[in-house]
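Should a chain be cited, it is by its letter among A, B and C, assigned in written order, with residues numbered from 1 in that chain.
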Amino acid sequence: MPRYGYITLLTDFGARDAYVGAVKGAILSVNPEADIMDVSHEIPPHDIREAAFTLLGYSRFYPFRTTHMVIVDPGVGTARKDLLVVTENYYYLAPDNGVLSFVLERERIEAIVSLEETHFFRSEEGRTSVCPTFHARDVFAPVAGWLSKGSKSPDDYGPRLDNCVRFEIPKPRALGDKLLKGQVLHVDRFGNAITNVTRAQFDEMTARLKTSPKIVASGKEITELAPAYGAAKSPLFFLFGGHDFLEIAAREQSAAAALGLAPGKDVGVVWG
Amino acid sequence: MPRYGYITLLTDFGARDAYVGAVKGAILSVNPEADIMDVSHEIPPHDIREAAFTLLGYSRFYPFRTTHMVIVDPGVGTARKDLLVVTENYYYLAPDNGVLSFVLERERIEAIVSLEETHFFRSEEGRTSVCPTFHARDVFAPVAGWLSKGSKSPDDYGPRLDNCVRFEIPKPRALGDKLLKGQVLHVDRFGNAITNVTRAQFDEMTARLKTSPKIVASGKEITELAPAYGAAKSPLFFLFGGHDFLEIAAREQSAAAALGLAPGKDVGVVWG
Amino acid sequence: MPRYGYITLLTDFGARDAYVGAVKGAILSVNPEADIMDVSHEIPPHDIREAAFTLLGYSRFYPFRTTHMVIVDPGVGTARKDLLVVTENYYYLAPDNGVLSFVLERERIEAIVSLEETHFFRSEEGRTSVCPTFHARDVFAPVAGWLSKGSKSPDDYGPRLDNCVRFEIPKPRALGDKLLKGQVLHVDRFGNAITNVTRAQFDEMTARLKTSPKIVASGKEITELAPAYGAAKSPLFFLFGGHDFLEIAAREQSAAAALGLAPGKDVGVVWG
């Protein structure tokens, strides 16, 4: 039987305001047994794409039926809906703005529910009390509390929707037989530039062309495929890291800084 | 029956030292069942007013008898007392330096206790062991552990005091019939400038004067009252956010940066 | 009977990536009852010495048999081993790179185990699946989950080693009868410069020489020994803080900035 009590939090609230604390209290007020896990509150303000990619990096490592709450929500209080998306594995609570785009590419959707049953929202003195600028505290947190009790059906929270907002995930393009044109999705704390080239694509091309590729980024050629950061011999190298995407890295420094890489920048993989 | 195990932490310890870790360990050593919630450790060093305002933003969303620990304590080790303040709702553990000023304006005080019973403090090899520079670890954390067990009476921890240090909360002043002069209390991560003008004051004036006000800040006039950040039409606007105070905001940028606003800066609200 | 469920996390992963979230999920997937405590994820990238000193500042305040996980691991995926070190008090999980040097000077080692039993590592579809760049998630986190269940013996995780990597802890040197030459180990968030001079050494010299010493740092003399930060009378002073080492501090500002102090800098203590 699944344990429902885990709730992860990913937000752009920052570490120095009261917002994270208020959300945690609102969850615990509904479910005193909830286990709340901070992932990050340092998503750059309003950066939906960074949040979507970050979510991809941790959600699948959690137990079945964990509730993943993702609040990067510049449109809070407007017509955009508050969602519960039930996949084969998890509950996702998020605004309908594309922040689930990456994970929904990997997981089968079982239900998309628009959170409209105000009975589950924050109430004060017996009346629903939702601040239009803070659905994280007044809508998502209490619903997370209820979900983490495991006793309600997703349909109790509101009507089903056929779709939710999903942005197009940038895919590497094949240019001719021997070149993949990918792009940087994310630069991590260490300055590793993580691209959208998957290990499967890379391995398939390498097997077919029977040769090792080089990477071309910012006009520089990078030729070493290292097994791990500390095993590299060249100042610049590439590898497959924890995200399972091709990464460009540098020996104990930031590859992104050295090469001027940032999300959206093109990267070429050239075989032979 | 209340559950006593929740302890929230707000400090100026920062995220990169051992101090937060030591405090958590000291709590768990007393109460293995304690549930510790990080709110923030990024209060600017020694900034009692920022901590006091931040506390106001989350404490009331927690379950009854949560222990809120607030450690911004430039006077640690001096004559200032270590307090347990019991209100109608919560236990507050804090140095006696004004950091509870905002919440004590809203909540009825049931007892102010000076933590003096050394029996509850950290001990090492059977003897009380309190570092004069780290009461958070050696006094507040073990007392939080004991409080969160729910088995002691507040009076067990020391003698009652009649008062505690409270700084004056700046209130908006009415200048004539149609002008409120408020001030900025806090700038949040998004650059929203949160003032001390309450929704009640604002609504009362607006109803009486049958007109919408404009805000004057740093010589600029701001005329749009938006329902939510993403619903605004003007580059600069105002609204009532999660704190329930009047905020000055800007469309997907920092209003504080755009207008040069910081805590203490005057803001006018002008009707008609 | 000890409670085994506590796991503390100290890493250089930073606060804005998915890495911390993935590690927490991987722990909970093995032990749903684990209590995970964030200490810090802001150790400077690859800074083994900072991590080693930070660990010393919190580990001993935790309950018996807490699992302390310390991941600052530039050599991940190379020949360096993944360790479980069992001391008289705790389980330490860390790469074999010296990051345990400070705590192992204080605690008796009961066993050093090389984590090699792949049965305990991350598996996917029934097969061991370890990313060479992310042992924190795929080796250390699942082993922490198992350890925190308390049902296995340390020897179940792999073969014993005779030694682990330990860097030399810099000790103060006596130059003549009346001078100790120490060095700065760490600068904390408040700018306090924490040296390697212990309270015991300081007290012994002071008792023997029947006089108070002065500190010489960056060519400046500091003469006040304060009982606590807020009790100091001089702009610059020294004291014994939460780490129980001699610290150089400044009144409500950064002593390290004022004096140009950083880890490794020499500090003299001069008696008479």
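Everything that follows uses one rule, which is that a contact is a pair of C-beta atoms (placed from the backbone, for glycine too) under 8 Å apart; a residue touches a chain by one contact, two chains touch by 3 or more.
Computed from a prediction, not measured in an experiment: that's the story for all the values here.
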- Message: With a Cα-based fit, what is the angle in degrees between chain A and its identical partner chain C, given to the nearest 5?
- Response: 120
- Query: At the place where copies chain B and chain C touch, is the share of residue numbers found on both sides over half (same) or under half (different)?
  - Reply: different
- Cα-centroid distance, chain B relative to chain C, in whole angstrom: 31
- Query: Can you list the chain B residues in contact with two or more other chains?
  - Reply: 15, 38
- Message: Taking the touch rule as given, give the residues of chain A at its contact with chain B in the complex, in rising order.
- Response: 12-22, 24-26, 28-29, 32, 36, 38, 45-46, 74-78, 80, 131-134, 137
- Item | Residues of chain C defined as touching chain B within the complex | 3, 6, 8, 10, 15, 35, 37-43, 54-63, 66, 188-190, 227-231, 239-244, 252
